[in-house]
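The same subunit A turns up in both complexes below, where it pairs with subunit B and then with subunit C.
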Partner chain A sequence: MIRPHQKQPLWLAFAVHRMSGIGLALFLPAHFYILGTVMKDTRPLDTFLHWSELPLVRVAETGLVFLLAVHCFGGLRLLALEFLPWTPYQKTLAALAASLALFVAVSFLLNGI
Partner chain B sequence: MSKLSVTKRGDFVKMCIWRGDASGGSFVDYKIPVSETQTVLDAVTWVQRNVEPGLSYRFACRVGMCGSCAMMVNGRPRWTCRTHVSKVIKNNQIRLEPLRNLPVIKDLVCDLSDFFAKWLKANGRFVPTATREHPVKKISPLSRQRQAANAAIECINCAVCYAACDAVEQYPNYLGPAALNRAWTLVNDVRDDGKRERLRAITADGGCQCCHSQHGCASHCPNELNPARSIAGLKQVAVTAIFKGEV
Partner chain C sequence: MPGLRLYLAQRISAMVMTPLVLTHLGVMIYAIRGGLGTTEILSRTQGSLLWGSLYGLFVITVSIHAAIGLRVIAYEWFKLSGLLLNLFAILVGLGLLALGGQAVYTVVLA
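Now for the complex of A and B:
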């Protein structure tokens, strides 16, 4: 639950960055496991890739792409914040990172339709 | 008594004030008559003078200079002497608590010992390079360093940023935005001679690396300072110093 003192855009940016990081940390072991199965036999991966073409799985994948993109752009924003000269447009940069992530995710979804 | 536009439903406001001490406590409701331009501090004072003489709270200047009257107002840290009741009232009531992240002494009074101890731990004390026998050093107010120091120097030690910071809540050793903001002003003060020790202090356990860049400090600072910017500056200085082997 968001507490009153947390109701400001850059706290939300922090929360999105943290949650997307946790989401990716949970996803990546499964991702590498699936890729690793190819070492022994290609059939499990083929089955999985076939399964991933289902519309519902495609939407879930879009969520993953969004997580990856928002974590990437959010991370770039933080690197800029901490290593480049200060800019007063921190909220704008956070909004830009979220917008770019949404653009990438929607592009991924539309590309698969 | 004139009525406030926000309290058209009645001339009274319900004020829920946390009463208790370090061992625990609970909220007690008070009915406060409202007046135009009444501040939250005025309302608390009314309670103490008319209803509950035992109510403890801090204040001194009442004009936003001393930084002693900060409290949690409806869940947000604020300086109560400059916060109008009309601005923060919600459903005709206001909820007051002692500041977050600080031990409670009684009612709305917190123990600020840790808060100020962290200023010293961050080497927030000016170390002079000259004595009074030396001529006054000329420093251009337009220099980059002086402008950086000036932008952060008007802190009134109210601890609002400290109470707004989730990093302090999660990691009590963290020096906090106010102490690091003070350190940043001294890092940029060309007259100061304590930079090496200060760099060690701000990169040690609980230093600037604990900041999660949530900007709660900047969004709540009543003086509109930006401790998040100061901490970002400290992080840059710290990284440079680490690569140079200075810390």
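Now for the complex of A and C:
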């Protein structure tokens, strides 16, 4: 059940920040592990990189880029909220963070085609 | 007081990481053009003090940031507390540091 406060845009910004953080924390160990395999043999990474060029995998990668970008830009909004003088444009800043993240992710996707 | 220290460590690690994340995003958008290969990645990173320092710092800050972030979630969602909560956070931080350190060593020094 959706509670009234969960319909607020800034609650959504909080939820996106938290879920993107969890997603990145789950992805990071696999990312580090794959990179760490190059030392023993370059073939696994090459196989992985070749696999990552499949369209569906590329879309999933774009999702990861979006997660990183939206966590970064959303985090900047939070830092500004906590450490800079208050501004009443918090919803606008949250929308700007999401837009920038989408721009970065789409740039990644289009550049890889 | 430990809560304040963790809060500050979380925010300071975020501030340090911001330019590193923006650089990483830029590198990804640039490098993805024409496809990625191990040789191409290693030719950019092997023996590079700049990339080694940049990604080394990235691994340290992300380990701190993620460990504290997941500690908050473990407390709020799974009601972990006390020693168990701190052990969980330390394990996450050290695990990421070890895996990330190995990855940086591999692509820069090995």
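Here is the rule we use: the second predicted complex is superposed on the first by the 111 of 113 C-alpha atoms of A that agree within 3 Å, B and C clash if a C-alpha of one lies under 4 Å from a C-alpha of the other, contacts with A are read in each partner's own complex, and residues count from 1 in each chain.
By our rule, a residue touches a chain if its C-beta (ideal position, glycine included) is under 8 Å from a C-beta of that chain, and two chains touch if they have at least 3 such contacts.
All figures in this text were calculated on a predicted structure; none of them were measured in a lab.
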Combined model on subunit A where subunit B meets subunit C, clash or fit: fit
Once both complexes are placed on the shared chain, angle at subunit A toward subunit B and subunit C, C-alpha, multiple of 10 degrees: 100
Subunit B versus subunit C as contact partner of A:L10, first or second or both or neither: first
Which superposed partner A:S107 touches (first subunit B, second subunit C, both, neither): second
Subunit A residues touched by each partner, larger count belonging to subunit B or subunit C: C
First (subunit B), second (subunit C), both or neither touched by A:W51: neither
Partner chain(s) touched by A:L28 [first = subunit B, second = subunit C, both, neither]: second
Contacts of A:E82 with subunit B and subunit C, given as first, second, both or neither: both
Three-chain overlay, closest Cα atoms of subunit B and subunit C, distance in Å: 5
Common interface positions of subunit A, toward subunit B and toward subunit C: 82-83
Interface residues, subunit B side, partner subunit A - complex: 74-77, 100, 163-164, 166, 212-216, 219-220, 228-229, 232-233, 235-236, 239
Subunit A to subunit B touching residues, read off their complex: 3-6, 8, 10-11, 14, 78, 81-83, 86, 90
Complex contact set, residues of subunit A against subunit C: 18, 21-22, 24-25, 28-29, 31-33, 35-39, 42, 45-46, 49, 52-53, 65, 68-69, 72, 75-76, 79, 82-83, 104, 107-108, 111-112
List of subunit C residues in touch with subunit A within their complex: 11, 14-15, 18, 21-22, 24-25, 28-30, 32-33, 35-39, 41-42, 59, 62, 66, 69-70, 73, 92, 95-96, 99-100, 102-103, 105-107, 110
